[in-house]
């Protein structure tokens, strides 16, 4: 049987950012790309989002930092990173050599820090966009996370947009009552796209030692366990904003990726799956091409948001 | 620095005690690239529970492309692994991490406790070709004879004299391997230790005092084994953290802040 | 070796409600008790919380109503129930014959409905307490769930308390930004205890049919997958309120139950585990007795909240 | 109405086609209590992924306490089940649900399609003892000879004539089992049907027209199988819902709102 569509068009746009295909890797789960070069053809995936970068280097949290949970894991890395200066000197040169797009995930304690990061990171060949991690506490506002206040999220988005010409994606935290309000706030703030979800806040206890299993007590839950929550939020957000949405959360197979695309995501990020299946991003990229070659759609764009909802029920 | 992901058929498999298992896996690319002290990340089944791979030291490699692991059943992942039979496959990623580094003409003292003995066999094999193999000391400890005797045999087969200690005195010296170390190590020895943290900390301290160079192979929880998740931290001497999967698992004992 | 503690005391109190042991079964997962009488000794578990009851019978949502997810499940039962009248006539008589305590989970569209339910259910032998499910939308307030507004949650708690002499437990929804604020609101409203968590909101899509897997599109996520989130919320709430907390979420083993007790829960509810392990409640009750008989503590009460947190890290 | 949870050793196991498997499990309590049309909930492995038990009809029971299941590998759970070997165990909960109810002296017409044939063997065996077994009609359909021939044999061994149909014509009638039904059913037959929903709906409609009493065994997604989760709903004739695990899986065809 002939394929309906032998050379499917996998390109997608996130605002001005054009990706060869919708498969990205999630911040903090793919290092700076190089770590996976034995397993993934870095020239062929859609984009890499590098580990969150702050103005100054951060040492991160005391160990243990990771613990497995049912179909998931908790991490309390504590945003360990080399800082923006070292990133540009030590990590960017490798990233400039690969063909896929590179987004830098940024994090700060105040709006000013985000702005300074955006300035630092603009105008470098090899950096194609910024992803703002707003799950961080705003030290000036009593430590409330940017990602739980629509006003603060909109403010940091607008400030970063004003400071850079790069496309700006805002990454939402799922630990909120109303994800759609958050999404609309960052859309109004001028975001070029929205990525979601970051990790759910969780905890694990060792019944034998009677102690928390993480040095930081609480951590971020990721992996297949959270996929249903992520898919719901992506669907809700994509149905209510006009800017592109990037789906994240438990994506490990081609089928997972298709589900997020159907729900309205224009692209997906592979996170925890990189750990247990280091070639997952490559496999999913190829899987999407194979899938689409058997479908009536000629381009992947037509798949986005094409979930069929029976009415009347 | 090549790393591979290989679906590796089980070639052979033996149960040394009810909960210690040795398994040989056909993985030629990994076997060829592996250096003593490196490890592999092993997928325990195809289900997503357990989700993460498990790290195991490379216990040995064979000329015909087998990677040998020695492991103890301690939880869900190792229980699942132990159910697999010859002919079934295990998915491996490796070789990973930084192994032992020894200058070929310095005598070495290998100190292993419990499952920490696993990587030392591969190391001992590599040392066979050193100029004066008989100058190396091999000190191995475990809880009981059952757990220790079969492993000691492997080292003896390589031609080494082995000093053994068991907690219950059922085999070799009655006591800890640290006591063997006091007796059998010399100031000339480069020391390589792998085992429970208290053992490694004690050996590291004795080496510091005696002026021996000491390398220790550390364990932490790992999510990726590839240097990407930053989960596998240990506290470094002089502040800050190191990552076991990337800067280790074998560290110079001076790099590590021994807190026990 | 002798047991340290051969006949451990498993009794716990939830306000005035004294339970023989801390193992309860969660609403909607244990029917009306009878369904599990082949697998669980109903005289020996701590308490049964029956399926949520409304004033009028409800037919529930169109099928499919359940779908499996990684280490979890989504349900969109839609609160199908026989209604309070039929509950009293058809279900209560059986419950009156068993020795364990019985809590009735109640749900409504308005404060008035909750109050009417509380009145209806008071003064019957065999009903030992009420658990208010506030995850329901408040029709009069534009459909916002009671469980996402501290004011509405406090109001419904206070109104139910005023309408009944029964102990009143309020069951919190985890789909909120700040669970502690919700917990304090219902504590201030007069709740005798707090149970948490209800299900996380999730979604599943069938990539082949391109349709949602649930008739209702979205549903509630339960099972081991959500345990880390539940444990974190129980710990946060138990550390910040003075009333007893009942832990719920992914509990299927004795170890799970101990973890929740260490985190500060005075009792636990077994939910989804009843489906895949129908004797789970019995197994956990026995497991707790065995565990405690080897511990220095003489009574289970001493275990509650005894998580060891190293300071300085 | 007794229900049991039993860890049941696999007594025997055979692969009828690459993806259809018959397995015999030692579960005497369930075997004794089971009635034709009832089902068991099966745990597919000890991991929490997959989490839920899978429902399977009781295909047969033996005098020495075996419960026999016939299943097709369609997904993760059945794939895991198919890996188990004789000697390993499967955890069963059952017998569950309401089975077929037939008056002993009325002739029955059993109509099965695909895996829907599974419960009909147990039913056919029960009918052997009815006054005039030769008046019963057995009509079975599947896609191909491979899938159908071994099952037809089982019914023939019980002494019944069987009419078979395959989609590809490789065995028996070339076409659908509904066509066999038009030919071989009589107004006197009580009809019992199990198979894909379109088949059951078609038979139900033909029975309604012809005035036959008809029972159909339905499938839905199930979480508990015990009547507790209220997840296994079907739409009932006259509005509202019924629960397959409790009111069924065998329903009088008139109770069901056939939407296909």
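A few remarks follow.
Chains: A, B, C and D, in written order; residue numbering restarts at 1 for each.
Keep in mind that, in the parts below, a residue touches a chain if its C-beta (ideal position, glycine included) is under 8 Å from a C-beta of that chain, and two chains touch if they have at least 3 such contacts.
As the structure is a prediction and not an experimental result, all values here were calculated from the model.
Set against the Cα centre of chain D, the chain with the most distant centre is B. Each chain gets a centre from the mean of its Cα atoms; for chain A and chain C, those two points are 34 Å apart. Chain B has its Cα centroid 36 Å from the Cα centroid of chain A.
Between chain A and chain D, the centres computed from C-alpha atoms are 47 Å apart.
Under the contact definition stated at the top, the residues of chain C that touch 2 or more other chains are 62, 70-72, 223-224. For chain D, residues that reach two or more other chains under the stated contact definition are 48-50.
Judged by the touch criterion defined above, the protein chains are all mutually in contact, each touching every other. By the touch criterion given at the top, residues 70-71, 224 of chain A touch chain D in their complex. In the complex of the two chains, the chain D residues touching chain C come out as 2-5, 43, 48-53, 93, 220-224, 226-235, 240-241. Within the complex formed with chain A, the residues of chain D that make contact are 48-49.
Residues 28-31, 35-36, 38-39, 51, 59-60, 62-68, 70-73, 75, 77, 80, 223-224, 252, 272, 274-276, 278-279 of chain A are the ones that touch chain B when the two sit in their complex.
Here chain D touches chain B in the complex through residues 45, 47-50, 76, 80, going by the rule given at the top.
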